[in-house]
Structures are given as structure tokens and as C-alpha cells.
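Both complexes below contain subunit A, partnered by subunit B and then by subunit C.
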Partner chain A sequence: MTDSLLSIRGLSVEFKTELGLVRALSEVSFEVPRNSVTAVVGESGSGKSVTSNAILRLLPDTAQSSGEIELNPQDGEPVIITSLDERDPQMQNLRGGLVSMVFQEPMTALSPVHRIGDQVAEAVLCHRDVSPDVAWAEAAAMLEQVGLADAESKMRMFPFEFSGGMRQRVVIAMALICHPQLLICDEPTTALDVTIQAEILVLIKSLQRKLNNSVLFITHDLGVVAQIADRVVVMYNGQVMEIGSVRQVLKNPQHPYTMHLLSSMPGAATDFREKNKNWSDGAAIGAGTFLVEADAGRKIREFRELSP
Partner chain B sequence: MSQLLSVTDLCKSFAGESVVKSVSFELNESSTLGIVGESGSGKTTLVRSILRAIEPDSGTVRYNSREGWHDLHSLSPKELLPLRREIQMIFQDPFASLNPRMTVQTILEEPLIIHGIGDKESRKQQVAKMLEKVQLDSSSASRFPHAFSGGQRQRIGIARALILEPRLVVCDESVSALDVSVQAQILDLLASLQSELGLTYLFVAHDLRVVREFCDDVLVMYSGNVVERGSVEEIFNNPQHDYTRLLLSAIPSPDPDEKLQPLDRKSLLLDAGLTV
Partner chain C sequence: MRNYLARRLLGMIPTLAVISVLVFIIIQLPEGDIVTSTLDRLSATGVDLSDDRIQNLRAQYNLDQPLPIQYLGWIGNFITGDMGFSYLFARPVNELVWERIGYTLLITVCALIFTWVMALPIGIYSAVRQYSIADYSFTTIGLIGLATPNFLIALVLMYLGYSWFGLSFGGLFSPEYLNAPWSWERFTDMLSHLWIPVVVIGTSGMAITMRLMRANLLDELKKPYVTTARAKGVPPLKLLLKYPVRIAINPFISTIGLLLPALISGEAIVGVVLNLPTTGPLLVQALIAQDMYLAGSLIMLLSMLTVVGMLLSDLLLAWVDPRIRYERT
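Showing the complex of A and B:
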């Protein structure tokens, strides 16, 4: 038994479509350690969002999944999330309670017709048996903590009166108000300006340290990964390519796909770029390849060079 | 190197709100000028007023066409048409900017028809040649946009802009919606087309890392003003305005040992000395 907050073991997800079954994830396994930030990085279609949605059982009905997701809270029995029924009260408790989520687009994550304060306080009322006044006060305290000055008056405002950065702060407050042990952030800064992104990244990191929770951070931006993550999971085509500490993966990438991603970053060194330019659609990663344990908690998917 | 575009004191306001405030700059032929700033800084309004996609309130935009200098804003729409051939645009969203009911052949042919170029047969050849230039298969011509990935669609958008052999290409966040590896491919393509065809780019972007790599010069915009302008080296290595410093400090480095330390917006004198 490892002492991780979350363990994903052999998670596969397929979607039923008109064209038959489409495999979105195959045999994804990784751990989210306690008190740290784990980043999942990959391009569109790599399966990063399907993974995070599977943790909260938010996949649509057309999805068929196999494998196991285990949540091991600090003070309680381990829960196998994948074995719970979607309507199981335990699952309802988990969502927004032990595990909560920050989405990419803050405007769609907030209701346009409810006041900010009511939306944040609602999470408290859903999960705990407290009076509305207590919930409101807690919401105010949480909003102050995420850096909204003069929270009391802002709570009477509506989302459309807020800027994108302020809205994302509200969404983060909603996610953190029930003190989750795992905070999932799905591209929380992608829709924001670079200056606001920097503020939100600093906020998420400092709150993680302060609240001692774990963050699973989904992103496609390796710059963001470098700044926020302790551990990195690189995904491609529904598979994990490489897992390691942020320094291991970004400073000494082993898998050709990780090198390709790094070389695609604007500003990558020219010789490094030329060498890693031609990543041929992962042809060389097929069935039968598997993650190989390298040194010190690092895993790399076996890679076979295909002859041209 | 000769000048291609000269913008003087361009202003535009919407409903009394000033969005572009007296912007002036020049653009040299075969160079790339990046325009950076946060959302709401007026980048898009600026380039749209230059193209006369929207009418500015005041200011002049002079363009050095193959026939000499023209004041773009004093021309009638009819007089403007031949110049439109020389100035083209590549849009941000490769999904929204292509008509889903038109085949790639029709999409690429349309600008040629509007400008009365060639006959059916020669247009077909031109389309085929253009597809090859943007590295798409010639069989693409008979297909519809939905059959292509985001990167391929952006190539179609580039082909549509370049088929009229323009001299000035305005790229409004043209790589922002793409994955980083696709983005690198599209930037490579734009760079090689520039050296092949001698294109001039006006490159609007919010990602400073892309601007650093792709542009020669940079305009930094903040609330409708140009707060700083200079070569990429000057702007990135020796920024003069507090707002430029704020933008640069917010770039997340891919090196985990270079910690992100964004400047505090409130401590900066952003509104002081706004004119360059």
C-alpha cells in the first residue's frame, strides 16, 4: 500500500459513438501524493480531461470505463470511487466535499442569475448542516482568502460584474470552501491573460501550501507545469508517456514525446527543436508497450524506434 | 528596406469609450511587427481599424501599394478593392472562420472570383498550388472543413489569405487556439512563407513567448495606448515601461528553477507617461 491520496490503476475509458467504440484512455495509472501538486500535461485529445472527469464520475452515459480509482482520505476509510453508484450518497458527499474541481471557463462555471455570495455559500449548505448565516460568513472569509478585497459587498454582485480573473477566484473559493483534500484544476488559467494567469497560479500554489491539500492540475502548457507542479504526468493519445518529478521530466526528459512537447515550446533552443521536430503521431507506441520503472519514482513508457 | 504601412494618430471609440487612443507606428516591408497586450488593450480594434473592417474616428493609415502611397481611409470602397488584394487577414479561430457548407476548393477560390482573377481552370490550378504551399494534400480541395483538424484548418485559413498574393498579412491571434506542437508547425510555415514570398506580418498575440520567437519588432499596448515599442531584443531584455515589465514577469518559464514572480499590478505606475 502506498500512502497516496489518490491512486488511479489501469483506468480505461471508451466512448460509444456512431462510428463504434472510441478509446479515450487506455490503462492509465498514476498516483497523486498528499500535500503536493501533480500536473497532467498533454495536447487536446490526450485524455487529460477524461481522466479528471472520471475521478468525479462526471463522464457521460456513453462512456464505458474499467480500472480502479481509489481515494485515501487523511482521516477515514479508503473509497474505491469506481465501485460507487453515481447516485450513492457517498459519491454526492465526495463531490465538492473531499474532491472538488475548478473548470477552465469561469463564466460557464458560475450561474449568471445568482449572486456571488449565494453561489459560494450554497456549497457549504449542501455539505454541512449549518445555518445560512454561518454559510454566508464562511463564504466571505473564503473569498477574502482567495484575494477578493471587500468580499462582503462583492458577494451581493453578479458574475457579469466581475472580470475573468475575479470570476476564477470565485470559482476557486467555491471549490475550496468545504476543505477538499483533492482539488482538481482543469486548465484553470487557459482562458485568462498571462498577467492574471500568473496571479492565479501563485494563488493556487500558496493556498495548497496553506491548506495542505493536494492539487491535480490539468494543463497543456509546460511553462505552467514548471511553475506549479511537484510531479508531472505526461499523457498522449490516452496513455501515460512519462511520470516523474517536475525537474526529472522537464530538465531531463526521457520519452521522445516529452522531448517533442518541450521542443515545441516557443523559445526552445533551435538545435533541440530540429532534433525532436518529427514526432510521427506516436506510431511507435502501440499495444504491448508498458511503463518501465526508472530511478527514484520515475516511470517512462517503453519506446521502440520504428524503422522508416 | 522600404516602408509598407504608416499609421498616424489612429483613434477609435465605442459608445464614448475610447478603445484606441492616438496610435502611431510604421511598418517596414518583409518584417514582422508583434502587437501585444492583455484583453481589452485595443489590439484587435487597432488592426481592424487599419484594415477598415471598422471605421476609425480619426487618424490616417497610409499604405505603400505596388502603385505608390495611398491613404486607406480616404478611399471609397470601390477604390479600396484592389488594395484589399494586397492586405489579407488570418483569423484566430480556425473553426469559426471557415464556412462549413463550402468545400476547400470554394473557400480558396472565392477571393480569386471576387477580384476577377483567372478562369475556372486556372483557378483550380492556383488552388492546387496553394494547397501544396501550405502542405495540404491536393485531395483536400473537394472536402469540407469539418474533415480537418484544427491545425489543418488553420492551414486552409492561411491558404485563403495568401492565394491573392498579398504583401501585408494581418494575423489576429492566429496560433492562440492551437496545441503547442501544432502551433510550432504553423509558426514554421508562416516563417518559411515569409522568406519565400517576402511577406510582411502584423502579428497580434497575447502569448509573449510566441512574439519573442516570431517577431522582429513589438508594440506593447495598454488600455488603448502604445506604451512601448522596440525590437524584440530591446523589449524583452531591457523593458522601459512598467506595464511591459509586468507582462514579462508573468511569463511562466518552462524551467522549474526559474520561479514565477509576477510584479504587483497595484505597485506599478501603469497610467503614468502613457505616450511614447
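Showing the complex of A and C:
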């Protein structure tokens, strides 16, 4: 047993499709420590979102998964999420209670026909035995906390009257209102414009410090990683490539794919290549062989965990 | 909202005016009129009328006036609540229509409720358990129901009812209650007859309602807000009913207005087969005999019901869906 809040051990996910089984994740293992931000970074299709959805068991019925996900809450028995049944009350308790999630598409993540306040307050009512008035008041307080001015009146509005950034704040409020120990953010800023992106990132980070919870942050953006994360998990093709502290992974990447990913960043890349001329070649060769071998469907190299 | 309502109500006036002209033209389109069809019947029994008497008949029925005058006469009386005189039944149209339109609405509304109560849960189940055996079975049964003409189902039910139970399902009342005044016994007698037309007419809408509900719900189930609600910890059944079903049901509310005329006209053949005291068979008779006041007034009334039904369904939709409500203000 570890002291991490969340441990993923040997998680594999396959999807049944008309073309047969498609493997989305193979043998993914990593830990999410307490009171920190862990970023999972990788390109499209690398299995980041599948991993995060697997934690809350939100994968479609066509998915078959194996492996173990264990949640070790601060004050309570550890739960093996993967062994729970969909209808298990413990599962409902977990979703939105201990672990909650912020999604990529704020424009569609809220029900179009329910009032903002009702949707946020519902999260409270699902997990605690309080009166609707109390839930409503708590929702108002939470919405103020995520920076929605004049929350009381905004709560009577509908999502289509809100901008994307405002909706994402609502989704974050909804996720945090039951004080989850783990907040999963699945590319929460991808659909937003750059200024709003920065605001939302600052918000997530400051709330994490304030509420003392852990954040699992899914992104493809290394700039965001540098800004928000304490630890980084690099994924490619459904496998974990490298795990380390943000400083180590960004400054001193060990895996060829990480080097490749870093050198593909526009802007930062020139500076980065200049400084690490010797890598560029290595990264290029490394990435080259990496891709060839990945095509062959083999596991390239055991990833190395440098700084636990 | 009040502005909107006033605008819609005012907008109904030109719509109904245009409909009334169309109705009148359509009724005039077939060759001949009530006098010629009366003459046909008379000559079939060997009676021939003199030209003078024919002219008199025409004058009596206002048929010697130009068409626009005839139209104005009809619509003018219609607005004041007098729908004219039925030559076929030799009674005022008002009497004929009012006694039937009540039964028509009763059967139509019951059939609509029957359709929804049966079809919506099946549609929801088929969507949630897509491609399951039950989904395929319901689809098959639904398509058979869709492909079978209503009157055939009515005939089969009548035959089975008669040959197995010795029951006669024709009409809405047993013979002894047909002309009796309203009483509790007459009411229960009506209920015991009512279910046959309700089932027969309701079945016709079931298949399409079922399939639409299934398709709508499948679309909604994929939407991210469903995942959000799941991630929030809403229990599965509550989630299904509160979020995707709530939204998938909206299109049905907007079709209530369209369903009314479809059910009423679909009911005509069933009404003839089952000998129901509804407007459908009356309209068919009136059209065959070219009884223009009766036919015209009936079609006009049904059109009005449709227009009002559309308004009602729009108001209902605005009530349940805030996106529509707010676009208007």
C-alpha cells in the first residue's frame, strides 16, 4: 500500500469496434500524490482522456478494462474503484463526492434546460442530506468562490445565457462543491480563448492550494503543464513514457518521445534546441526509432521513474 | 409573453380566412351540387322533377347566386355561430356537429394518451438497451403495427370479439343506451366500448412515436451533459429521466398540434368500420352527398382545432424549454 491518493496499476482498456478490438491503454500505471497537481500530457489519441474517464468509470459500454484503480481517501478505507458495480451506492458516492471531474467542452457540459443554480445545487443534494435551500445557498457561495460575480441572480439563468468561460467556472464550482479529494480536469481550457484559459488555470491552481486537494490535469499543452503541474506523466499510444517532477521532465527529459514532444513545441522550441543541440539529434533519432517501433506495436523501453 | 400570445392570436385570423376560402373552393371543385346528387337519387327511384321544381330547389338552397356571394353568406353565418342547414340530414349543422365533435375529441385525446403511455416508455427502453433482443422485438412489432391499416385491425378485433366472446363492438353504445339520457350506466357502457377505437387509432401512432423517441434519446444520451451529470453522482434512473429523456421528449410536445388532425382524419375509416358517432364518418357522408354547408363547416372546424392545437403545443414547448422561451422576449 502506498500513501498516494490514487494509484493506477496495470490499467488496460480495449474498445470493441466493428474492426475488432482496439487497444486504447496498455498497462498504464502511475500514482497521484496527495495535495499536488499531476499532469498527464500527450498528443491526441494517446489515451489521456480514456485514463481519466476510467477513474470515474465513465467509459462507454463498448470498453473492456483490466487492471486496478485504487483510491485512498484521507479519512476512510481505500476503495478499489475497478471492482465496484455501476449501480453500487459507493460508486455514486464516489462520483462527485470523493472524485469529481471538469470536462473539455463547457458549451455542452451543462444541461440546456435546467437552471445553473439547480445544476450546481444538485451535486450537493446527491451527496449530502440537506434541504434544497441549504444546497442552493452553498451553490451560491461556491459560485462566488470560482469568481462568478452576483451569483444569486446568475443562478436563476440558463447555460445558454453564459459565455464559455462562465460556464467552465460553473462546471468547476459543480465539481468542487462537495470538496472532492481528487479533481480530474480533462483539458478544461482547450475550448476557451487564451485570456480565459489563463484565468481558469490560475483559478484551478489557487483552489487546489486553498482546498488542499489533488488535481489530475489532462492536457496536450506543455505550456500549461509548466504553469500548473507538480508532477508530469507523459503518455503516448496508450502507454506511459515517462514520469517525473515537472522540472525534471521539462528540463531533463529521459525518454526520446518526451524530447521529441518538447522539441515540437513552437516558440519554446528554438531556444530549447539551441540550448540542447546535442539532444536535437538524439531526440530526432530517438523519436524516429520510437515511432518505427511503436508502429511495430511493441513496448519501446521500460519507462524510468526518476523522481518519485 | 403576453405580446407574443396576442401576436399569435391575431396571426390566426388571416390564416383561418385563407383556410376558409380554400375549404370553400375544394368543396365546389367536384362536378354537381346537392341538387344534382338529390336528383340522381330521385331518378334512381324513378321520380323525375320538372325544370321548374329544379330551379326552385336551387333558389331555395341559394345555389343560383354567384360563388363569392355563396361564400360570404356561408362564412358570415359561420362567424356568428350558425353553420347552416344540412340538406342531407334535414337538420341544422350545429346540432349534427356538436353532438359528434365531443366524442371525436374524447376518442382522439384517449388515443393520444394511449399512444404516449405505451410508446414513450418502450422508446426509452429501446434506446437505453440499444440492439438488445427487446429492442429488436419492439421494433418488429412496431413496424408491423405501422404497416397494418387501422381499419384492418378494427375488423380483426371486431371479428375476434364476436366469434370468441359473442360481443358486438360496433358503435360507442349498446343498443339499449343509444338514445337514452346520460346516466352512470350509460357512461360505463360507453367506456366498455371506447377502448376498441382508442386501441385501434392509438396503435397507428405508436410505431412512429416509439422510433422517434428511441432516435431522439440515442442522440441525447451521447451529449456531454449526461456524462457531467453521471460524474456528479446522480443515480442512474433519476439521471435518465431528469436529463436526456426530459430533452428528448420536447419534439413530441411540438407535434401535438399536428397529431390532432392526423388522428381525426385517420379516424374516419375506423369510424365508418366501427360505426362510431364521430365527425369522420359524418364528413365522408357529407362529401359524398355534396352537402356543402355540413362538409365545409366540418372541415373549417377541424382546421380551427389544428390552428389552436399548434398554438397550444407552441406554448407548451416554450413552457418546458427555456431556450425557446427566451428567444421570443
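Definition applied: the second predicted complex is superposed on the first by the 267 of 308 C-alpha atoms of A that agree within 3 Å, B and C clash if a C-alpha of one lies under 4 Å from a C-alpha of the other, contacts with A are read in each partner's own complex, and residues count from 1 in each chain.
Convention: a residue touches a chain if its C-beta (ideal position, glycine included) is under 8 Å from a C-beta of that chain, and two chains touch if they have at least 3 such contacts.
In this text, all values refer to a predicted model and were calculated from it rather than measured experimentally.
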{"item": "Superposition on subunit A - do subunit B and subunit C clash or fit", "value": "fit"}
{"item": "Which superposed partner A:Leu201 touches (first subunit B, second subunit C, both, neither)", "value": "first"}
{"item": "First (subunit B), second (subunit C), both or neither touched by A:Glu43", "value": "first"}
{"item": "Spatial angle subunit C-subunit A-subunit B, Cα centroids [nearest 10 degrees]", "value": "80"}
{"item": "Touching partner for A:Cys126 - first (subunit B), second (subunit C), both, neither", "value": "second"}
{"item": "Partner chain(s) touched by A:Gln227 [first = subunit B, second = subunit C, both, neither]", "value": "first"}
{"item": "Contacts of A:Val170 with subunit B and subunit C, given as first, second, both or neither", "value": "neither"}
{"item": "Touching partner for A:His260 - first (subunit B), second (subunit C), both, neither", "value": "first"}
{"item": "Subunit B versus subunit C as contact partner of A:Lys251, first or second or both or neither", "value": "first"}
{"item": "Superposed arrangement (fit on chain A Cα atoms) - minimum subunit B/subunit C Cα distance in Å", "value": "15"}
{"item": "Residues of subunit A at both interfaces, subunit B in one complex, subunit C in the other", "value": "none"}
{"item": "Subunit A residues within the subunit C interface of the complex", "value": "56, 58, 86-87, 92-97, 100-101, 103, 105, 108-115, 122-123, 126-127, 158, 160-161, 171, 174-175"}
{"item": "Interface residues, subunit B side, partner subunit A - complex", "value": "38-39, 150, 179-184, 187, 206-210, 212-214, 246-247, 249-260, 262, 265"}
{"item": "Residues of subunit A that touch subunit B when the two form their complex", "value": "43-44, 164, 193-199, 201-202, 220-227, 229, 246-247, 250-251, 260-267, 273, 279"}
{"item": "Subunit A-touching residues of subunit C, taken from the complex the two chains share", "value": "223-225, 227-236, 243, 246-247, 320-323, 326"}
